[in-house]
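Chain lettering (A, B and C) follows the sequence in which the chains are written, and residue indices restart at 1 in each chain.
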Amino acid sequence: MPTPNPPHSALSPADVASVSPVLAAYTKHKIVEELWQRPGLSNKDRYLITLSTLIARGQTAGMLHYFNGALDDGVTPAEISEIVAHLAFYAGWPTVFAAVTVLKDIFAQRGIAADQLPEIAPALLSLDDAIPDEAVRVGFIGEVVAPVSPALQHFTDEPLYHRVWLRPGLAMRDRNLVTVSALIALGQLEFLVFYLGRAVEKGITKEQLGELIGHIAFYAGWPFAMSATGVVKRFFAGRPT
Amino acid sequence: MPTPNPPHSALSPADVASVSPVLAAYTKHKIVEELWQRPGLSNKDRYLITLSTLIARGQTAGMLHYFNGALDDGVTPAEISEIVAHLAFYAGWPTVFAAVTVLKDIFAQRGIAADQLPEIAPALLSLDDAIPDEAVRVGFIGEVVAPVSPALQHFTDEPLYHRVWLRPGLAMRDRNLVTVSALIALGQLEFLVFYLGRAVEKGITKEQLGELIGHIAFYAGWPFAMSATGVVKRFFAGRPT
Amino acid sequence: MPTPNPPHSALSPADVASVSPVLAAYTKHKIVEELWQRPGLSNKDRYLITLSTLIARGQTAGMLHYFNGALDDGVTPAEISEIVAHLAFYAGWPTVFAAVTVLKDIFAQRGIAADQLPEIAPALLSLDDAIPDEAVRVGFIGEVVAPVSPALQHFTDEPLYHRVWLRPGLAMRDRNLVTVSALIALGQLEFLVFYLGRAVEKGITKEQLGELIGHIAFYAGWPFAMSATGVVKRFFAGRPT
């Protein structure tokens, strides 16, 4: 496949080595050959975590490589499309539009058309099934957000919780995986505990979260992974075993 | 108006829909047709908040669209120029230079020349009028900053507080709106309470702050808006009513 | 030297002035003529701090100017190469790859080849000398990280602490300066105290840290510098004098 024009070109290993031979070596030996081969997360999970990090942080330098890799390896265009729409809420529209700029060319080159993408108004999941802690969420929003920002309360309910989270285009476990990854990658940990509860409820294990943190360290940076570790530790410490 | 060369091109709705039809639909129905039409903030306020978010986070993907929209809708080149200089201090020079890269082409295309931009050394506002809490600020800087970083103390006094904040090119209320928006968009909340006090003093209402948070959620991401909500709630809880 | 193609082009002072005359004036008078001329930090230290900020935040708009300036002023290609590899861990691979994209062209234009870059597997420094607080680090990782993320524990030990930190291509004082700068620029302060202890141990003085904070304010933004100030103040308050 031809690569798009700059600025979408991906760095080759030789490009990286021309600046830092050891960084090229670590990329090959530590990331490609070791990190991605570890058990504990499926290859698809690792793509979801990586893509979420790149999209949420607007890290365009890695997008061409990983978006194409994900599509080559079985992540569907529909799933990527759904992740983009979901993360627009968590990382902000303009940040996600940087990913759209790259993805539109990739989708065009691959001939991915509207019939492969999630529709605008599909039949939604049941709120009770999708968001088992909805009562907690509504209580929190009512107590903290409503007195300050009726606007934020309104848009959090609709479309975020009563529409986006209920879209069927992404498995609920994966939607939680994407959200947790984005929060950690953004260093937005204040409400991570809340999302961890939902993630575990939807089937993400403690072991998978630990592996996610190790993975995200390479893509978001060690300090972000380290700070997330403390939150995850406290989260599990506070749960009945 | 012809668009500049890439990488300044703006995404079209069709571009967005080619990656995520629902994201294009939300952009139209939730942002353009609903968020921007809400009462509580003027159209100009919404541009100031949006531009501050884009500039402070270096979100170039949205700049062409919103810079041109702001100029078309009555935000003056002088105001945008002043916002850029102000936010260089709050978001750092290199981040703001990303906006300058886009703006210089927009200004050139529109024939905006030096006579439309704020001068380098205008008559400054009175410190007492502009910064009513200057004594508090000086006390804090003297206690926390001076023993650690005489350099930061020096540059905070001059030019930031005794020059930049006193420039007349941006209404004092708007300068506070821009600063609060940037801090929230950057997730830099440690001293937000201090800026909220000044913003309210200069005429930004509690209702406007609530609307600002709802607005910024779309442009900076939900977690940033949610965390700001808690700070604003505590700020108003600590004030006499 | 010819500048590379866009998007690597640097802004000229006239470009900046065409958007904000006062920002161009501040850049000249406050940054170039005042900040960089202050005693307390060497010119090289200021480059290391500036480069670390740009690389860690992926601020490409300033890279061409400062990478070339650093090389012109005596920072070696080997040191820059080593900083890039080091910060890949602290800021994440994709963020650092944005810097690699710029640097590969600069290195090519200057004829900087592999023989000027640090080798992949040099003789490493002694762990006892390089990381005097290794026992503290191992204890913390064992207590907080190991129960949550064996993956993060593993990669933190190897390659980060038992390989990257022991590479001889960057003076240990400078490696600490780079790390502290990146953490402050990223707003990742949770573990800054730990790094401050090591930085001081390796010869960075309190006065230099104060000057670093004043410097980084211009490149990362005031709120990041202000929050770091509080951490540095508490750090020194907790030490025997």
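Keep this in mind: a contact is a pair of C-beta atoms (placed from the backbone, for glycine too) under 8 Å apart; a residue touches a chain by one contact, two chains touch by 3 or more.
The shown structure was predicted, so the numbers you read here are calculated from the model rather than taken from an experiment.
A rotation of 120 degrees, rounded to the nearest 5, superposes the Cα atoms of subunit A on subunit B. Mostly differing positions are employed by subunit B and subunit C in their mutual contact, as under half of the interface residue numbers are shared between these two copies. Centroid to centroid, with C-alpha atoms defining each point, subunit B and subunit C lie 27 Å apart. Within subunit A, contacts with two or more other chains are made by residues 7, 187. Of all residues in subunit C, only 5, 7, 56, 58, 81-82, 84-85, 88-98, 100-101, 103-104, 107-108, 114, 117-121, 144-145, 147-152, 154-156, 159-160, 167, 183, 186-188, 190-191 touch subunit A in the complex they form.
Of all residues in subunit C, only 6-7, 11, 15-23, 25-27, 30-31, 35, 38, 40, 53-54, 57, 59-62, 187, 206, 209-211, 213-215, 217-227, 229-230, 232-233, 236 touch subunit B in the complex they form.
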